[in-house]
């Protein structure tokens, strides 16, 4: 009995439910926040170790046999993603202890956080396409609520765009699922894959593939579907931004990976070629978007878009190495991007702004913070020997080996432009002298304990980045094994449905 | 025989429904339209539900059919009252053929007080009702 | 050794700690690090001298063939030695130069890290590892150049240097990948043995192009030369270090490394020798326009790097010998000169040579050191610079292609360099003592020791160049020229190079004499010069930002309907294309409907359309209600009682909610223009048609058996329920329902937060929950 | 109310005792309960008048449906024929009903009868304002309304 | 703002509330066999409370409800999650339905029913939370 | 009936999208409502329609007699309806708060976060 | 389906259309609400007829819910009017 497949969903659900039940007690909320996310991390590591030892883990929810009920499936990709979810959840929970106001807590900050994590973990672990929709919605509505928490003007404006475009995405997804069920009569993804392969006419599969591509493309913030992200990610409290930045779009990317390796992989010349174009434009437009910005979090937000391009590139190239690169990139990006947002929050706490013009002098006053920024920032730009370098390197190597020179050139150029943005931040926020002398003054208002609490997760994530950079072997091996699974979907299908029966549809 | 009766009920019910709708379209002002709709529709639905009760003839179904009738009877007038009242007070125009209005003179649009026209000075003051918000 | 390098990084990180213990003596203490490593390297001399290469293996990321293996042969040994040696001197020099500076610990961190990166770069056998160190040098040098980060110019210079070198680094990465792909290995040691396969590979040219871009940017070759002089914003020890021994030579080192693998083709020879020669001339020409001593030196560095590149391009054994000799000479004199420049700056408070004069009276020792180093720069006997220059000229004259161009440019560079040497080393020290912002004194011994040692070595090797023979042999063996006999000598007899040298001496002195007038003439060229590569770089950056802003205006313009339209058009394009070209839509689906069903469908549509066209909000809400009720009727007509009930209830509650909310909202207004409405209508209409076509395709297509057959059959026996839909909801697919209830709860929390959370509390200030009062 | 509760209790007891949980049996139980209550009613003051209410209720329902049907036909006729025969207007009807529940009952019954629609109750609850469709014979209408009120109130006394 | 608060509506709300609530419980309990279930029942119940809310206002509704709707949400969610767990104790995958017969009355209790009750509570809690908040803010500004 | 409904659903989508493209935020919300209704109906119809056979097992039997409508899409649609209800409630209140805070009904005046 | 059923359904469909016409034409909000209210009542009737036609008593549950809950929408609208929402809106 492999209960660990369900735990990463159950733990945050329960944590969310309990902290909703005790919404009057601030202490309880905080204790549950740390304990819940901590347990999630432990459970996810347990899951990953099981999966990497024993192969794909399947849990038939409700004990109903495979295509009829809902299957939870943890393959390596899912398990890796869940571990990342656990890491980010735990880090953000700690960070939130220092940054979350009473008002936010009173209106459900922590339960929302738990449930967001639950939605994310559910999306990573479900083997059922409609259930994936449900988890998407859990995640989405939790993110809606987190996004508006605080009721500021910018939040409202951002939220309207975020909500509208994400709802459109959900509807497209839902429509695609409805049509798919009408066609193949099943919802289990493994079963869908098996049945679609048996269809005589694959044309309709391509059509549906396009719908899923757009639906997940919006979630993943791919070109030209990313508008909601830069419009909103800089508006909520920074811990929320960090959580979003790390996890949300990656769920879209994950879904693309899942669907376009398991289900729609029969005409890569068509589907993956389109993804390739999408990847190129996503990288480029995201990074250009950032170049035009002069606000810490907006820059970071646009860079999410461009980095999504790299991840999609890995999928689009559709070679084993490329998939490895994509997975490596996802893992790296989640850690680094979250961390950058956390650092931006510390900066904001110290100097009261996210606007580059109004920041400065932190290299002189807070050298440790400068280092804390530099590690993820350089990693994001793909500088060695940090995690981002290997991520970029693998993708680029895969690109060149697949002879996709154009898009590889874009990938390289985008790396440079990413560096440009990070250097811009560095130069303005850290090197430039503080505009006016209120920096020291606002510093005194930040308590040491608070600062510690805020820095702790950031340091932890930076160490992760550094560790992956200096010791890329283990993660690479994991990503390689995972790519092996993805490139051989029969393994997934057999794990869920059992060995293929002759004559079955 | 029962079939005939059933058919009659259904057709009459449907006819009343239709008449209600026709009245809704044809009648000249809000309040007269409401006369057509609330009652005719209630009656139509009730007749059809009676047909349903006859058709199935099982206790459980009959009870449900009667339940529908009961519930409609309970809710329809409340809805009608609430809409009609709101419509009247916000100034829905009455048909020009309206011959009298005994309410208007007793209503004070500033204080929203509605007198009965039977008051002496003593009982004219407002006295609280059970339903007032506490 | 790997451990030592990695340890070096750790030591770098600990520099602030060390500074707490050792205070001002920290640089001195730290210089023990490179010194001891140098001693270790020197111990390898016997092996190196025998032409053997030492391979220190170390695994890193096995799956990606990335190793931390070090390859120590003559070439890397020489470079490593220079890096460590000059590094140690620079550290000593720093101790005095930045004495008491508050940022000294940070400076040391970065400097040591830079040194270690550089060392790793030259020692790496693995392409990826080399690249890792390569990029590390870019970053650390970025931090070093931006040391005076309070100045805008320093920040800009640092950024410029970083963008150019990192940009080149990316090209280099691509080149490396192609190289490894073509050569089937990531090991330099192995790749150098597969030169023939590589040179005939289809990817040779693109690979070469990428690699050259990488190397040229790093080594400031034309047209990427401009970043280097800007990098003079760095504190002088850094300039010295960067320009003499290290970073800028990384590109040259790489070219040398790759020479055995890729060199010898026309493409290689031509591109390297021409670019090198052109860079040489450009550097020299630009140098004499400046009065800032560091800029003068920097441009002369550009010139030297051009020379080295050109020599590699020529690629004959003689040229390689010249390469080694010139490299060594340049490292020595340029290091010394930068340190001298630093001393002058430090003592006088100005960097402008035209403001200095007669300093030999107050700082005679410095003057001597400067003179020796400058003579070497000028290529005067009996200094090592002379040996290098003669060999260089000789090689240039031996060029087989574009000989005239190469020789011409080389000669121009030679006499201009001479002028530079004179300007730098004589102008400040001779003539009358001039008033400077600070009153100059003789340099402290720590600062003078380095340049003195380097100048001394220039002299020593100049006098006895033969001592270098072994080293040169070992080094050019690393460059692929094995079994070549080398005899360096000061005097080669009277030959063409010597004549050229003498001519350039004369011309150079002339330039020196008339320097001030020349500068005035050259100033007229400024507008033309302003269109050079640096302007190109600026234009590129500005263009990039402009493009970014344009894109933001076009795409991320804040109009949600534009976002929606783009999204929908993407959907329409992709799905529509697939629908029309990947699949033949089947429109032949039989229609079998009762009149009342058709009416219900019609009302549904009518309700929706009415909601669109009605002018009043609540009328629209009522119309939506009609649509919702009609949908419920569809559910009733087609056997879905649970759905019908849910739909009715939800519709009712939605109407209530809307009415509650709309009360506060403004009325509808017509805000769009007719054109916009027409556009929107087209997009909406196309979307609708697409959906209908999709449904027809599914309805008229092949249908497979449903999993729901199982659910129907097992609902009662195993699920113990007669309402199959409910059994699905709470048992078969209860997980969906679980998620769904959380969605509902989340939405409610969101609503509560929006309505009750007051923005003025600022989020961080405590806001007691209001429910607790009455709940 | 107490009577109804007892009746229900007895009905449920019947179901439990017979062990037959069908709706039909519950109905039977309710009927038996009613009979029993009718029998013991004279001895128990709290049950006073309970047994009489059922026949009254049945009679009232019959009366009401008759009114509903007839008046509906009248309205229907006016709707179907092109000219308007109606003479609408708002009249004030003095109320006998006193408790909130009674007033609401009367008002709703009046609303259900075609041709009349309760608009509002005066603040002192002595008058119900009614919109009527056929005021050509106002006296007759008022009589009918009064009759309806009387019969409705009878149910509770 | 016009005349508001009507006797007829108040009486109707008082009468309808128990009726609707009873009906919603009925829908909840037999939802496994006939149309109904936690959602539908919950929506009916919320509608009932909403009617009461309109007739009597927020305070009276709070007073009648006794618990805050937010508690209902938490309770329902916790119940829902916990109802999935007994299966684990039996060594079966989570969410596997467990059925027990309550001895005396012969009532079939099950985890799906518990789950449905959880759904019921969540629906009521959520809808009421939203509607009361809306009505309250309405009152504030009015 | 399916083709008729397919066309009707197409029009619903068109209407929904047209409304979403208006500048008034209230219209946006109405568009979202139409959209989710249309999507739910699409799932329902795409799976095929059955008259007079609700997916209920008669009392005393273990399986329905005759063909019944596919219960699975019904369950899916039910879930989707409830989810859409939650989400739309949120959206409705969001629009209201946005209007109160930004004081603009015109979406064109809500561009600050992007530009 | 028998003629009676079809005829009555046709009649009620027509009635639905008429109600829609009123809803569309207004002119005031209460008129529209009345139309909506009528619409929901007629749905009860249609459900009854369909239940008879298909022999599915379970549909009555839909009718019950309709009868019990649909008037809530009207109450909501009335509240809007009472609290000062414009009647022609």
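Lettered A, B, C, D, E, F and G in written order, each chain numbered from 1.
Assume a residue touches a chain if its C-beta (ideal position, glycine included) is under 8 Å from a C-beta of that chain, and two chains touch if they have at least 3 such contacts.
As the structure is a computational prediction, the values presented were derived from the model and not from experiment.
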Problem - Intersection of the contact lists for chain A and chain F - result: C, E
Problem - Distance from the mean Cα position of chain G to that of chain C, given in whole angstrom - result: 68
Handout entry: Where chain B and chain C are represented by their mean Cα positions, the distance between them in whole Å
Key = 78
Fill in the blank from the handout: When centres are defined as mean Cα positions, the distance from chain D to chain G in whole Å is 25
Handout entry: Junction residues of chain G, two or more chains touched
Key = 9, 12, 14, 16-17, 33, 35, 54, 56, 58-59, 61-62, 64-65, 68-70, 72, 75-77, 79, 81-84
Practice task
Mind pulling the residue numbers of chain F that touch at least two other chains?
Solution key: 20, 25, 28, 40, 42, 44, 46, 48, 51-54, 56, 59, 72, 76, 78-79, 82-83, 86-87, 89-90, 93-95, 97, 101, 107, 110-114
Completion exercise
Touching two or more other chains in chain E are residues 2-4, 6-12, 15-16, 19, 33-36, 39-40, 44, 47, 50, 59, 70-71, 73, 77, 80-81, 84, 95, 97, 123, 126, 130, 134, 138
Fill in the blank from the handout: Chain pairs satisfying touch are A-C, A-E, A-F, B-D, B-E, B-G, C-E, C-F, C-G, D-E, E-F, E-G, F-G
Practice task
Under the touch definition given earlier, write down the residues of chain G that touch chain F in their complex.
Solution key: 53-56, 58-59
Completion exercise
Per the touch rule above, chain E residues touching chain G in the complex are 1-4, 9, 16, 19-20, 23, 27, 34-36, 40, 44, 47, 50-51, 54, 138, 142
Practice task
Would you mind writing out the residues of chain B in touch with chain D in their complex?
Solution key: 16, 19, 22-23, 26-29, 31-32, 34-36, 38-40, 42-43, 59-60, 63, 73-74, 76-78, 80-81, 84-85, 88-89, 94-95, 97-104, 106, 113-119, 123-124, 126-127, 129-131
Completion exercise
chain A partner, complex, touching residues on chain E are 70-71, 73-75, 77-78, 80-81, 84-85, 87-88, 91-97
Handout entry: For the chain F and chain C complex, residues of the former touching the latter
Key = 1-30, 33-34, 37-38, 40-42, 44-46, 48-59, 61-64, 68-72, 74-79, 81-90, 92-97, 99-101, 105-108, 110-115
